[in-house]
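Chain lettering (A, B, C and D) follows the sequence in which the chains are written, and residue indices restart at 1 in each chain.
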Amino acid sequence: MISQTTTSPGALTSDAAGLREASEGLHARYRAVRSMTRSIAAGIPAEDQMVQSCPDASPMKWHQAHTTWFFETFVLRPYLAGYRPLREEFRWLFNSYYNSLGEEAPEKHLRASLSRPSLEEVTAFRSHVDAAMENLLANSMNDEAARRVVLGLNHEQQHQELMLTDIKHAFFSNPLRPAYRAIRLTEACNVAPSEFRWHRFHEGVTEIGYQLDAANCLDFCFDNEAPRHKVYLESFGIANRAVTCREYLEFMADNAYTRPECWLSEGWETVRKQAWRAPLYWERDATDSTGWRIFTLRGWHPLSTLLDTPVCHVSFFEADAFARWRGCRLPSEAEWELAAKGSQIRGNLLESGRFQPAAAPGEGMDQLFGDCWEWTASPYTGYPGYMPLPGALGEYNGKFMSGQMILRGGSCVTPESHLRATYRNFFHPATRWQFTGIRLAA
Amino acid sequence: MISQTTTSPGALTSDAAGLREASEGLHARYRAVRSMTRSIAAGIPAEDQMVQSCPDASPMKWHQAHTTWFFETFVLRPYLAGYRPLREEFRWLFNSYYNSLGEEAPEKHLRASLSRPSLEEVTAFRSHVDAAMENLLANSMNDEAARRVVLGLNHEQQHQELMLTDIKHAFFSNPLRPAYRAIRLTEACNVAPSEFRWHRFHEGVTEIGYQLDAANCLDFCFDNEAPRHKVYLESFGIANRAVTCREYLEFMADNAYTRPECWLSEGWETVRKQAWRAPLYWERDATDSTGWRIFTLRGWHPLSTLLDTPVCHVSFFEADAFARWRGCRLPSEAEWELAAKGSQIRGNLLESGRFQPAAAPGEGMDQLFGDCWEWTASPYTGYPGYMPLPGALGEYNGKFMSGQMILRGGSCVTPESHLRATYRNFFHPATRWQFTGIRLAA
Amino acid sequence: MISQTTTSPGALTSDAAGLREASEGLHARYRAVRSMTRSIAAGIPAEDQMVQSCPDASPMKWHQAHTTWFFETFVLRPYLAGYRPLREEFRWLFNSYYNSLGEEAPEKHLRASLSRPSLEEVTAFRSHVDAAMENLLANSMNDEAARRVVLGLNHEQQHQELMLTDIKHAFFSNPLRPAYRAIRLTEACNVAPSEFRWHRFHEGVTEIGYQLDAANCLDFCFDNEAPRHKVYLESFGIANRAVTCREYLEFMADNAYTRPECWLSEGWETVRKQAWRAPLYWERDATDSTGWRIFTLRGWHPLSTLLDTPVCHVSFFEADAFARWRGCRLPSEAEWELAAKGSQIRGNLLESGRFQPAAAPGEGMDQLFGDCWEWTASPYTGYPGYMPLPGALGEYNGKFMSGQMILRGGSCVTPESHLRATYRNFFHPATRWQFTGIRLAA
Amino acid sequence: MISQTTTSPGALTSDAAGLREASEGLHARYRAVRSMTRSIAAGIPAEDQMVQSCPDASPMKWHQAHTTWFFETFVLRPYLAGYRPLREEFRWLFNSYYNSLGEEAPEKHLRASLSRPSLEEVTAFRSHVDAAMENLLANSMNDEAARRVVLGLNHEQQHQELMLTDIKHAFFSNPLRPAYRAIRLTEACNVAPSEFRWHRFHEGVTEIGYQLDAANCLDFCFDNEAPRHKVYLESFGIANRAVTCREYLEFMADNAYTRPECWLSEGWETVRKQAWRAPLYWERDATDSTGWRIFTLRGWHPLSTLLDTPVCHVSFFEADAFARWRGCRLPSEAEWELAAKGSQIRGNLLESGRFQPAAAPGEGMDQLFGDCWEWTASPYTGYPGYMPLPGALGEYNGKFMSGQMILRGGSCVTPESHLRATYRNFFHPATRWQFTGIRLAA
């Protein structure tokens, strides 16, 4: 893996050290996370921050307001005596989904119409809430408040990732195709990864899920990661790295996008309706030897310069079809978690500032964390004994347990301190605008 | 359970004895299954047999042709020397989905336009194929041919169920609301079921799935039921019977259809878009004490006369919401299978000729088979080591392993000899036109 | 024009003499019109009569019931003392649109679900109403009743045309592509029409519209044809015959279907969305020298055998684009009516039994009546002083005076006694399933 | 009519004198029109200028760029030797529809994604083109260039109106409902208009349309206003003023929005699908005596303060239904033009800076120009002998001659110098976001 902070171009200015100190105090962690959000949005004009280029995405400005709304609604209003909201309307204006709060939030597709509040007002809203939070954090806080701050920080980190995936789509949708960062990618790794290898695991009962320390209000996982529980796994093998663009090109060259037998029924229907012929962000380019170029947060790059990096922005349907075509399959989430057990949360993550998957550095178990979220074969359901959080906070995860697939591992735009081996991401199987890739199992 | 063959009104004329003899010979079983199909369609005018009243359904005439096409395409053409098809066009005309066969089948929504071939021609097609099958079955057959006959019979049994669910919807859609059978329901069971009880199971490793005897070409399960494999289950309880209309009315009376917190996000969206207020086939009726009446294959019945029968024609979203509202949950398919282990395949099935769920007869573990398919909490995926059948026959099940939920147990229109404890039915979570109900777990 | 009754294949059995006698008595006319409807439907199986293959069309069975409903609702119920309806439900079941009647008619797209009432019941309904009408017609009738009978007969004649256009579409939609009549077309006219010629008219004030004799209850026009009124026309020329398939092929060969500059904006959008490349019912056929074949009510015919017949089943958008491409335009309806003034209602009409446009016989002003309805450049609006009929009968025409274009002249499936030079037909500009063609103006 | 320039609040700063001088020189007129556009956009933040809140509308920023593109594409590139475009991409980026130009313009619904070019860049584009135009206008120009400048100025004036109608919709769509201008309306006219009176006209031949002086390159009309031609009109009466909100409330109070007999068939379908219950921009308000409030470019106003002003933002379907309900009809465009013959182009127009219809000042023939565009009963078609401009410029009007209705007179946001009595505006009959109202005829 490339050494991120020193060699990568245009790394974010957020103090990585600050994040490391997070364990020293919630206060420091609050500052670091909020600062990272500012850093991601820094220098992006207000007009760009208004764009909502597909129904899945939200404007960058909205993300900044909504994450702030979370702290105001769930922490400051109930726990900071005398707190005065900046504007009462923001209570419903920046709600995303939480039906239990009583007011109806504006419909998602209207977020692009939110020219008001202006970016300036949103920034003022952030400052207003930050000041109040400083006040709260500087003093003693009860456990429930602390738990909500931790949840709010994790929530904001999720939106940090979305800010980058959404602005990538926004810039791709703009006819002028601007870049988020001007400096182009340079590959630190010149050696093509060798053929992937299988890591083998024996059959038996294992445990997955997060064992939350209820006594420690700073211990955290999302409710859908708990409870920790036993599962029985057959013996399996899992690839040591993600599928590369080079490998995916073979699938395309074998006309897989035009052969129904490679696909799930709904996948094939999607391929036809959407006229998919390649991953999202790939575009024909006769000037490259591969015939393609790829749009990144650093602008266009010829595919030939990225052949050994993980294929990215593929849907579950494409991941599944690729695996079938290769005579393999996708791992289940339990298999993935077992394979990741004990690994450090390191990799090509947000802090690297690369914003694009990188080639696997070696021949070990690589790329588990970072680069791309990895589609699993597991539909998103509750673990045995799953209990959502009470009240509105419980609407966060359990509501969505139908029709979605689990992804594991994190991507090149996920904050490092946000991840765990037990982390469960989930999207509809046709989703492509996230940094989503493929790891094979057998 | 009511004693079906003697007391039920209008039982089908198919010889139940014939089905029992099935073990004695494939030939007899072929005749019995084909005869049951004729019996289901008997007396239904050609015009009624053309109706396709919703995208999920197909015309009754089409089902008869398609099941016949299966034998012609997969058995007679490859295995009966000198077989002459009745009409060459039927090869693609009555294909449903099998992409690998090379020709493109007519789009499903066009099945209502198939005035030609006429019902008379379809009947002639059935006779033509039956004659050739008699020829084949009377002589020795290789194992693969025999396997395909068994598969074809199971395929036809699935369509027997669909013939009844589809004609029910067709008659409901007709402004005159005709009945499939004229004789009305009479309840054999006057005793309301008592409050349901939990059957408890301990945690541990168990096995589910079907262990197919590869050496016996008459042994059968669908490919998605295999391989038999170990799973780890936490301890759980499962209800001794299905949820009744009476119990479901309480859920409705608590305004559950208007409260988002009861529902999965996609469920709530569906409720609003479809304006659901009750199960399918329920209609307001001021003349009944409950305020409702229910449309059955035997015409309208006041809900008050069916209060203790299982609630039916609910979607997964409604089953899930009901369970949540009751403070329970739906069973996983493994839990269901464990609970059904060792039970006989008996109950209110197609052969009873009731065509409508009946009240639970006692306080044991009832209604596992028959009455209603029971929604489970398990999304439909392949078992560990799942292998689809080779070629076009493999398109049957594996293709649909996304976005659907598992149902278990069979309904009042499922043929008895078609079921196994390992049987996996699956539908999209918004599906309601099937006989689908609820069993609770905890 | 070919001599229809003697040389045309498969002429309808309705007594043409009977229609001529219509002026002798309303009673005879009633019998003749009703008999023609029976003749059109004769021999068509009940299954074919249920098909509704596009939203514009209705099943043949429905047409027979709806036209009968008209007499029952507007004549028998109010004017025949002691009339007993066959079934009370038919009152709303076979209503098409008349909102004022109080009940809501079934939605149009559900007509294909009307397996009940069966064709047999519909035929019984026709007989029941015919018997009552015989009773009414045999006795004296007041003027309003007589007016409504005349309107009902004209209404039924409109549906006679629709029965044929709709069954043509139904058979075309059936994968087996059956023919309505088995006997194939033979061209009576072997001489290709010469280049068309312009008939010239001078500028000035003229009168159009029908001058209804209010004192004569048998005098008839639709309300939208009145009042007769003055219009000022610039000098103009109008072609002596309709545009032929040969001429339309030149337009296609000039790639007009791929050049936006030939089309109105909405026309171009329609061409792209519908992927139009030729008129409806044209299909590629490599075996014909033209590369095309045409589906008719008598089955497929190579285009090369129909080159000199009028192009048919084109939308207004195609007619308009063709005219622009030729450097011409379409006539206004006033121009058309002036050109048709004094012409006899003769031509290739329903009674010819050809059911397909025929080549122009000479060099005079030909094909005004019959062959194809001719798109005009006039949107459908009310004439100055237009008054709809009172009550439900007034919903017939005036309701539709937006978004539609006027067509003039009648087609090869319009009954002769139904037409007038002042007759105004109207359809949306994208409509193609009617027999619609092109006459140029300049 | 209120005296606009002195008493109206917040009048635009554009020099009205400058517009009057337009006849003195094209150069002065160019400056005045371009200055008016700047004035309309002045003070509107870049974020607001990006919003596209409905498919009909465009962002304010886009209007400024597109009108500038017109001069660059049709005037500077062909006629200014040595002209250097600011950015080559703008050639296709700001094209709206002109297919003949070769490149495909971005799809309209994507205009909201145009965060780049920024408002700043668009402003620079305007300056760049203005500088070049100054250069061109300061020197001699050939006639075709001058004609195109005049056309470009009229084009820009059309977009001035759209800038205001579109920003009104954008602000209405924003949950915070901001106002375009802060100062509220004050009624200059306290006297309610009396019952309207009919102006009567005799039947006969009259002339409508614009007689363009081909020799004078500064004479101008849109191609669809020519040629001047004769029409025959029956005698008619036309109302002396527009229908007021008070009168429209009676129509609403009579439940017209729920009675199908008041509506054209397509109108009724639209009412149901869109759930219309009142004009656009009306909202329930229990605090006003009328029960309604109205959103204006100056924010919310109680309906009770606007009762005597013309009803506005109604569709053709509503105008037509209102007229039918009143026992009247809408005028044809020829009737309107005859009634307006000889009237001065004066009224409540853009220059008044009111941005909202005002009460009729007296009892004469009022409100012909300004306040609201008036729906006519005439579909939009070409006049006899209509010839579009050659090439891409001809795509402007003729392309849209299907499915739209003519409006006459101009609105409170139309520039005075843009109008003529012969001016033909046109929109689809369901359009409501324009300032569109009703004048009755009989």
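As a convention for this text, contacts are C-beta pairs under 8 Å (C-beta built on N, C-alpha and C of every residue); 3 or more make two chains touch, one makes a residue touch a chain.
Predicted model, so just to flag it, every value in this text is computed and none were measured.
Listed by label, the chains touching subunit A and subunit D alike form an empty list. The chain with its Cα centre farthest from the Cα centre of subunit C is A.
If each chain is reduced to the centroid of its CA atoms, subunit B and subunit D end up 61 Å from each other. If you average the CA atoms of subunit A and of subunit B, the two centres end up 40 Å from each other. Note: centroid distance subunit B to subunit C, computed from Cα atoms, is 47 Å. Here subunit C touches subunit B in the complex through residues 45-51, 53, 89, 93, 106, 110, 112-119, 170, 173-176, 178, going by the rule given at the top. Subunit A meets subunit B in the complex at residues 97, 99-100, 203, 205, 229-234, 260-261, 264-268, 316-317, 320, 377-379, 381-382, 384-385, 395, 399-403, 405, 429.
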